[in-house]
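As structure tokens, here come the structures.
Each of the two complexes below includes chain A, the first together with chain B, the second together with chain C.
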Partner chain A sequence: MKNQMKYLLLVPGIILLAVFLVMPLLSIFLPTIFTEAGVTLDSYIQFFQDPLNVRIFIRTLRVALITTIICVFLAVPAAYYMSRCKQSVKGILMTISIFPLLTNSVIRSFAWITILGRNGIINQILTSIGIVEEPIQMLYTEFAIVIGSVYLFLPLMLTTLAGVMDNIENDMMEAAESLGANRLVAFLKVILPLSLPGIIVGSTLVFTGTLSAYTTPQLLGGNSNTVMATFIYEKSMSLGDWEGTSVIAVIMIITTVIAMKVLNTIANRLDKRGGDNA
Partner chain B sequence: MAFFNLQDINVSYDKKNNILEGLNLEIEKGELVSLLGPSGCGKTTTLRVVAGFIEPTHGQFILDDTDMTKVPVHKRNFGLVFQSYALFPHLSVFDNVAFGLKLQKVSKEEIKKRVENILEVCDLKGFEKRFPKQLSGGQRQRVALARALVVEPKLLLLDEPLSNLDAKLRINMRVEIKRLQRKLGITTIFVTHDQEECFSISDKVAVMNGGVIEQYDTPENIYRTPKTEFVARFIGFENFIDLKRKDAHTYIASDGSEFVVDNGCDKEDPKGTIRPEDIQIVSSQDNVENKITGKVIVRTFLGKSYQYELDTPLGVIVVNGSSDHVLQAQDTVCVSLPKGKIVLV
Partner chain C sequence: MRKNRFLGVWTVLVFAFLLLPLVIVTITAFGEANVVQFPIQGFTFKWFGKALSSNSFMSACFYSLRLALVATLLALLVGIPGAYALARYSIKGKQLIKSFFLSPTIVPGTVLGFALFQVIVVQLQIPYDIGLLFGHFLIVLPYVIRIVGSSLEQFDFSIEEAAWTLGCGKIKTFFTIVLPNITSGISSAFLLAFINSFNNVPVSMFLIGPGTTTLPATLMGYLESGYDPTVPAFSVLMMLATIGIMFVVEKTLGIAALSK
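Now for the complex of A and B:
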């Protein structure tokens, strides 16, 4: 009896999840497959038959992928540097790197509007020193969405990676050096493979974050660069097409789940370490 | 000039306090030399200077007539074994050992041959595909050794490589290390704080304290005739008695009693020291040299023998006595300090 009592502890959580997560999800998902003609996937097939929808879907994936890759390249060296710093310096750097997270994402996106805009800082500099005659169109492009997303999600990658690299003992590097590897080779052959779990977790966070972000693509991408998240808003609020909205929402959920699965598979393949059958 | 030469090495981290001060060390080719000392004495720092992780603030490191002081770590080609082994967890045993050879751009067949060969020498055959996590402590230790040896290094540097193993494995491994070192004829520096380990394995021992080498000699000489009080204490001497020189073989203690010793020294007021196990318990009538009378204050059981602390006119004297005749606290006893066993420092 006593043993079964412990399951009572789960009840509040389960109720919360059931009411606020499972039920809403079902109420989105079920109407998309139950139609007058019975259970069908017609609405999904229709979605992918429209080239405009496919373009939005591909764009969303592309933005998320490029953002993730840029974040990896920016965060790996920085995180390694942070992990080798003294404890006191490390604390300061960590605080600085998560500082952007402390401001609202709308404000952050507005900051980028003033930087990238037609009369923004970059264009002013470029035209004043005569590199270009006409201001370059940077705002309201995919490029702007990627920049904004990198800025938004880099701290996640950085903190995750720094945590993992922190746990790599310094003698790994020294052992590699003593065997004839210069610092760069030692980093690429030892530190990088050992950081892979962190890179994977960070990538998952950044990829799924970018995939579902709304504010940044809305403010920086403009109307011609719709992504799935802004598409949902358009469909529901402007067009009142709730069934279409549900279809997009389900597609996004499935895409996210698949992306995580793929990343985990890659991680397991690359990170053998023989841990499982030890 | 000797094969290996550290000349007047200074190391300091903050420019004020020297971790190493004017350290000199010469090693002949093929020798195994131990750096022995308590933690913080600078032995690991010395090893890291040799490995190239620390650049000395002063002095030179010359190996085989080449100045190595400023050569970067990865160009030195020394084999290193770390206390933690530092095996690469993401690589199999084979890949761990092959790591150095791959960087030297050795051909694939050659790598396979040499790795298999060294794994056989280190008794690791059949473990090629395992990962470090799947190995026991002793096996990891041997992989670390194989990885360091396979590149045919000019020097083998071992940083307390046995301290993470249990007692029995330690003894096996140190015999193993000695065997491999002899077989390959590789000049080796071994850092340890365990004197038994160090005496059993080394051709020569450098006892370090406070960033300097206090004594550098063969294990036998260090064991029998330590040159300084620190070395004597570190290798198990106790009973330090203040003496005044009368002549080369006769010294006078503070209470006026005379001590005869075999090995005299030039100092005017040396300290006489002797190991507790070398002191003999005698009866009061015996006519023996260097006799002291005292009262037992503490008795400690050591297994093979008992250890007594005696209160004597010369201070506390520590003596080992056999289990056959057990003394009680407050007993009065006579002890004799054999003149051949007293060392003056």
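Now for the complex of A and C:
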């Protein structure tokens, strides 16, 4: 009785996941490999033979990679500074980082339309100082997608890192300095390695998040800067090409899983190394 | 000391980068002109009136609220017993089942939306809104499993056993002993699940139909077709609601509850 009871509690969740997650995913995946000619990867080979598709795929990876690097670059010093602040200041900074996370991504992308647009704030400033004569095209470019994505995911990196940096003792820095390292060296050689696991967790979230983000590339990228997430929508809802869409969907899942695995492996290696030293 | 100042300036710039765009959106909501511009000309509240009396915004808003509420409650109903079983009992393949419950997080939103659309709507001819509801259920279930699960892991199950020995039935013990001890976990799971369902775009884009469109999808539609300051005005109202929620959370659970 007791044995059945504990499994019974899990059954509703398992059934709902099977019906609404596994079954739909399988039913888009299976037709892409089981064709009249038997089991084949032809549809995937075809996908990567079209230079347009490859361009979109590479663009998606490039945007995700650049976004992740910028987020790390911006967030590491800020999160470190945050972790050394007084409790009250830290609370305020934490609140400012959480607020965007809870704000709709449509609003957060919309902000950048106003800033980067043809008559947007940056172009107004540039033309009024006379740096450029004509407004420059920033909106509907890959650059706009990267800025929008950094804006979207920076808070996630900040809150992830803030938690990790909190656990680094203040003494570490002092010890390094008293042994003659200057602050920058101490930061690079002591704080950075200690926060590396956090940086990798944050990078995983940002990289996979950017890979699958739809709103920002849709609103800021325009028609000529398709990424995988907007490609899926275009191929299915505008073109009605179900099979083509399924291929993109499967490639997206596989890319996400590979990215996670790679970053996870790196994190585990680092953990082990840290363990050996300790 | 100089390096410290550099860090300080860096941090100020990073936080300015986070806040300024939202400040700009807020300011543009008060301009008198029919287009969204910055700096604004004049000062008016009329766009807020227009936003609140706009049928498409308001009905989408209520639909999104209802959807988020039902999806979240469903996820709690399914997720709490699941998380309890996983934390309480030794179960074969426990890690596997837990990963299965968390697996919707690794499926990109547009993929999930498309798969549900394709199977539920196209093949099975089930109405859009059912697909939408379960799509949102899948998005929020991992929050419940993760957050309620970590509350339960900190719960001392010997208290539960004490209640059993004293003759309290298992179900009654669960409701009177276990549940009250994990309310803060359930509350933050509820809030995060609700907010994430309410804000979702990629899953919804595939599963909205006439009369069953969500607020973010409506906002997207406006942004893609041409819009006036009603859009920033409605954005300001949504941000005010978020600030309200954060304020209440800070007073009760502590703001860290929202960064799990």
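Structure notes:
Keep this in mind: the second predicted complex is superposed on the first by the 259 of 278 C-alpha atoms of A that agree within 3 Å, B and C clash if a C-alpha of one lies under 4 Å from a C-alpha of the other, contacts with A are read in each partner's own complex, and residues count from 1 in each chain.
Please note the rule applied: a residue touches a chain if its C-beta (ideal position, glycine included) is under 8 Å from a C-beta of that chain, and two chains touch if they have at least 3 such contacts.
Quantities reported herein were computed from a predicted structural model and do not represent experimental measurements.
In the superposition on chain A, A:180 makes contact with chain B only, while chain C stays out of contact range. Touching more residues of chain A than its counterpart among chain B and chain C is C.
By the document's definition of touching, of the two partners only chain C reaches A:218; chain B does not.
After overlaying the two complexes on the shared chain, residue contacts for A:154 are found with chain C alone; chain B is out of touch.
Shared-chain residue A:267: touches no atom of chain B or chain C. Touch criterion met: A:194 reaches chain B, while chain C stays clear of it.
When both complexes are overlaid on chain A, the residue A:80 reaches chain C alone and has no touch with chain B.
Within chain A, the residues touching chain B in one complex and chain C in the other are 182.
Of all residues in chain C, those touching chain A in their complex are 3-4, 7-8, 10-11, 14-15, 17-19, 21-22, 24-25, 28, 36-38, 77-79, 81-82, 84-86, 88-89, 91, 97, 100-101, 103-104, 106-112, 114-120, 122-123, 134-135, 137-138, 141, 170, 195, 198-199, 201-202, 205-206, 215-216, 219-220, 223-224, 231-232, 235, 238-239, 242-243, 245-246, 250, 255-256, 258-259. Chain B makes touch with chain A in their complex at residues 51, 53, 72-80, 82, 84, 86-90, 92, 99-100, 103-104, 130-131, 133-134, 147-148, 151. On chain A, the positions that touch chain B within their shared complex are 169, 171-172, 174-182, 185-186, 189-190, 193-194, 196, 271-275, 277-278.
By the touch rule above, chain A contacts chain C in their complex via residues 5-7, 9-10, 12-14, 16-17, 20-21, 23-25, 27-28, 74-75, 77-78, 80-82, 91, 93-108, 110-115, 119-121, 151, 154-155, 158-159, 182-184, 187, 208, 211-215, 218-219, 228-230, 232-233, 236-237, 242, 245-246, 249, 252-253, 256-257, 260.
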